[in-house]
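The chains carry the letters A, B, C and D, assigned in the order they are written, with residues numbered from 1 in each.
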């Protein structure tokens, strides 16, 4: 790093903060996928003072310069000065975005990159203006699982997930939209993939970043952790240190469109063995009939949960167009989910909700861990971009 | 034509007949899109004796040799000997398919190509065996409207329609499936695009080729023609001469999968002025509210018609997997159609029905007459082929 | 055909004639690939009075409406009235192009479609204006061999060849250019594929359509036919009846760019057995060494022929940019051909010549008869269009 | 990093070293693009102890796991422990490749990543076996300039260059080939882009990594640095510390195919002002005539240099198939380069040399800094892979 750089506290800079972040502190914590900062800066260099923490899952990050991905890596644990930009003409204004690739890890209460300040030999200009605001709610697909890695990679690694290659990011770049993602691999709208019914997104939607909050997770029962961990909440959770468990102020950032891509894990639960909640001892299972069909009563549970979630999303976002998405990993619940949306619409006299069934990933578009690959996300981003052009 | 060719009556040849055709006559009438004949033949040449009739819409046809399109044209009116194949090695067996591109024209009771016999210097072998049977029911999209012609072409011409470039044909070639199409541009499940409620496919599904039958059309009121025309049924309709209005024997050809792609014109009717039935004087209109939304009661009419049609299709095809398709020209009815399917499934305890929302044609994939172009059909064929691979 | 159509002699109409055609007669003969007529016409219909002749190879033709292919077929022998357009709005002006798909057949002196007049209920307007004029000289690749037909098709049929799917047509559509093609399957710059040295394009370049002229073919020895045929020149050759053997007036149509894609058959001749000229008894063979390499003296023969052809092309086209193309079926002569061009340029102080090596067709882009398929032509059209944009 | 990891000196491990690296030391220096290490390892983690040095251009690096890129970043200056792999199943064998993205920087004698040892909780297995060995010699195109970054990025930054997205890497992955690259942005076969004739690849081909050797650079005059720098060679050059300036042992790694992609900068020099060598005071310029054409004598200089380089490459690689490539940024020298190859072949009786002209990057495939983008490299990789399949 050159001697001629000046230090700026992150709170003293005109910075665009991506993702739901509690703005009350002196630093900016990147607690979930798509969380990041973006600046317009002159000068030849830009460095960031960051602190990286994690127990098991290293928080991968990415750098985009002038809208193109140029770097992707997992910062080391501890306090470091990261180079975000180097070698450009100092008189030009360069757009630099640094963001987290890895989803909030509900299993790892520590995973965080905290940004404290920036160093540059230039000046900060007003950050890039976006034309739209979109929110994406989902599961592993929204967490970009499988968008990096070989098709043979089957381990649940941090590097297989991304924000950079998801349809959320691709749509954002195409339509100059600020995009936020709330997603968790394996989770559903009513049940997690393994019949763990604590693993559902709706319970965490109203916190700033509930999936990174031990407080939120333990209240809802969503955290897979032993009792001891729960006791030590205050000590252990980086998210909570940075306000992840606080109520989100929905008025602070109003999305034009909210995409909900849930149901894939609820469907998987029909194929999985029962799950026993370690806290309550209760056992859960979504059941199939002898002919393999889904038990109607169990489908009804999912439908009701979807209706409930739509109500919750609407309550908090009165003006947003809501689009439920489904299909990238199979179409089995496409009709029950449509039923949920139809019932929600009728019961609530809400016509501002749409439903799209997306093409399932195939042999050519599948990625690592049998999840949609980059090519699948590109196709879906094209379909959704086309759709958005008709309604915006 | 060489002197050394021999004539074979079409009924004396091992020929595969494509499409619903009344088999009782001496000739094979091609009354609708995808109707055709297919032979495996040795010899260097193959010619067909055909008679072509039409009033306003010339029946385009196509030739595929060994599975690839090599010719597309409108045969002249009258009796002609058409060359289907020429110049190949006589000792080889060549697969030749001759089929109609143009849909049955409900406006033109004469449009027909009738095949009487074939000439060859070789021998007819057993025709090609297919692995699957699929049925496609739909509107202009299934009739391939827009798959030929320039994007600026806006006239309703016969040449803009095809079977050759539709997803039905593309899927058939990819999966070695025999495909049948029952479709009519501008028609719907409850209403035609212009609020003419006589223009609905369900009323014609149980005839062999109701859309080509003046008998069927006038009984149902579907024919746009003056009273005089109706009087002269027997004289005028080529379809009826060849049994188009007879009841179809559903046991004679059992499709594994039936695709229904209807709803696009029902949706359009909301945007169109009222239609007055010339026979009854009754006026029809699917209505929008002041805010542009669809009147719920009118949506309910479409939903009930879709449910009714599903019942009718199921009654006639107890074992077939039914897939409702929608979306290639916009998603506005995707939820009401899903509602129809869900209600049908619940009321009839029928789980063998699926629903896919297909990508809407965009600036790159649109074709003539603002209809999905060849590229749009190719994308959809890929999605449906992928789907079929998971269920066959 | 409607009763309300009026007849116009082709010579009384503002028609654009595509291809080198002797303009002195009352009719327009389509003697080679790309030969055709193009009109701008109002009215709802357009028909053509044509006469079709051939011995062995039926002359396939195509119709483009407003720049898009809508029909492709082989007209029957004899005099016929062909429908080129039907069903459009009469007040609109429609651009209609009717052209020959099949190359001049040096084996079949009869193959011809002659256009005598047109019928319409509208009026003829000034034909479409083009921005550029390009000439394409070549072999089977330029004759579109393999652009239609299945990959398994190996017979030398007329239907496998086209103008419609060649890079010449695709470039013409992309750049609004009038394109002419002079090509013959199996022929070379020095030798035909089978070591028949009479089968070389340069000998026929200066006639209007030498490849369709029995006079030209027999003078040069290029015709594969027995002596008797030669005696009956005047009787037999349709081309000669229409002036195909006359000297071409190069000043009448000056191409901006001339593409020469020759060498592929010269290369093949190294792999083929010797050929004995039936007239002279002389035997010819391009030879390989024991290690399979090309004998240098024989390469030199090709090089000198290429130099000679460049001189001939330049003499007749002083201002045209000349581009030699090679590679679509293998790269083996890419360096000797470059040598020829370099030597030509140095000896003649001519810098207005370029050389492009094109991608060889691969498993995904090959077509029928092991020739470049439509996809290969599309890729090449893209490369050449990009190149043309840099020089026009 | 977990406590349970064990340390292995890099020289004690079965590691595949990519790129020309002097093997005599205890560490592995990554001095140029494509230099790297590759291991097969069990265990859940892999870390590397590296030292990173540079003055002006940070040496970007990349990680591929099981053949797929998962990370790309610029390591910080100094000694660090880098995580290469984390979170995989310990019983599986994982293939990990860590390599340098950035070319040797002839302007920056320090740019180096040195690998000292690896940490893992698993075991090292025999490294992945490759089926082929290819060498790529070139300029900025081979250095991947423009394969990262926005199209608007025009600064000469380290991040815009790569090995990961070059056709070399793509071909290697497709054909399971070990690939080496010797390239330098702005350099030519006879002249650099700015008429600096010291900037030519041939002078550095016979050193292990001449472009990273101050010794080699100053001997040849290639280094752009002041006299003072030259005096301090021994102190300053990291490359020389690691043997970059030593003679390369060509017998140690024999490529099946050598690709030379040079000439693009030689061509550019015709457009640039004269260059005065600061050491000799001599001024150089490749000249155009008043009409913009290249002066023949100056072309001859390039041709002779190309001939000389072919001799040098052949002398050192008697058995390799040599392919000269050209065209990705314009075709202007395609014929002079072919002339050089032809003359080389004739004079040296060497038929094992080929020439391919590649498609020039267009509006859709161009990348940053007006250089071929990732898409252009993908197309070229496809063409070269097809070519290689015909000769291997």
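Points to keep in mind about this one:
Following the convention adopted for this analysis, contacts are C-beta pairs under 8 Å (C-beta built on N, C-alpha and C of every residue); 3 or more make two chains touch, one makes a residue touch a chain.
In this text the structure is predicted, and so the values were computed from the model without any measurement.
Minimum number of contact steps separating chain A from chain C: 2. Among the other chains, C has the CA centre that is most remote from the centre of chain A. Per-chain Cα centroids separate chain B from chain C by 38 Å. A straight line joining the Cα centres of chain A and chain B is 45 Å long. Centre to centre, using the average C-alpha position, chain B and chain D are separated by 58 Å. Shown for chain D are the residues that touch two or more other chains, of which there are none.
Interchain contacts close the chains into one ring where each touches exactly two others, per the touch definition above. Annotation, chain-chain contacts: A-B, A-D, B-C, C-D (touch as defined at the top).
For chain B in complex with chain C, the residues that touch the partner chain are 56-58, 65-74, 76, 80-81, 83, 86-89, 92, 148-150, 152-153, 155-159, 368. Residue ranges on chain B touching chain A, taken from their complex, read 293, 327, 330-331, 334-336, 338-339, 341-342, 345, 351, 353-357, 359-360, 362, 382-383, 386-387, 390.
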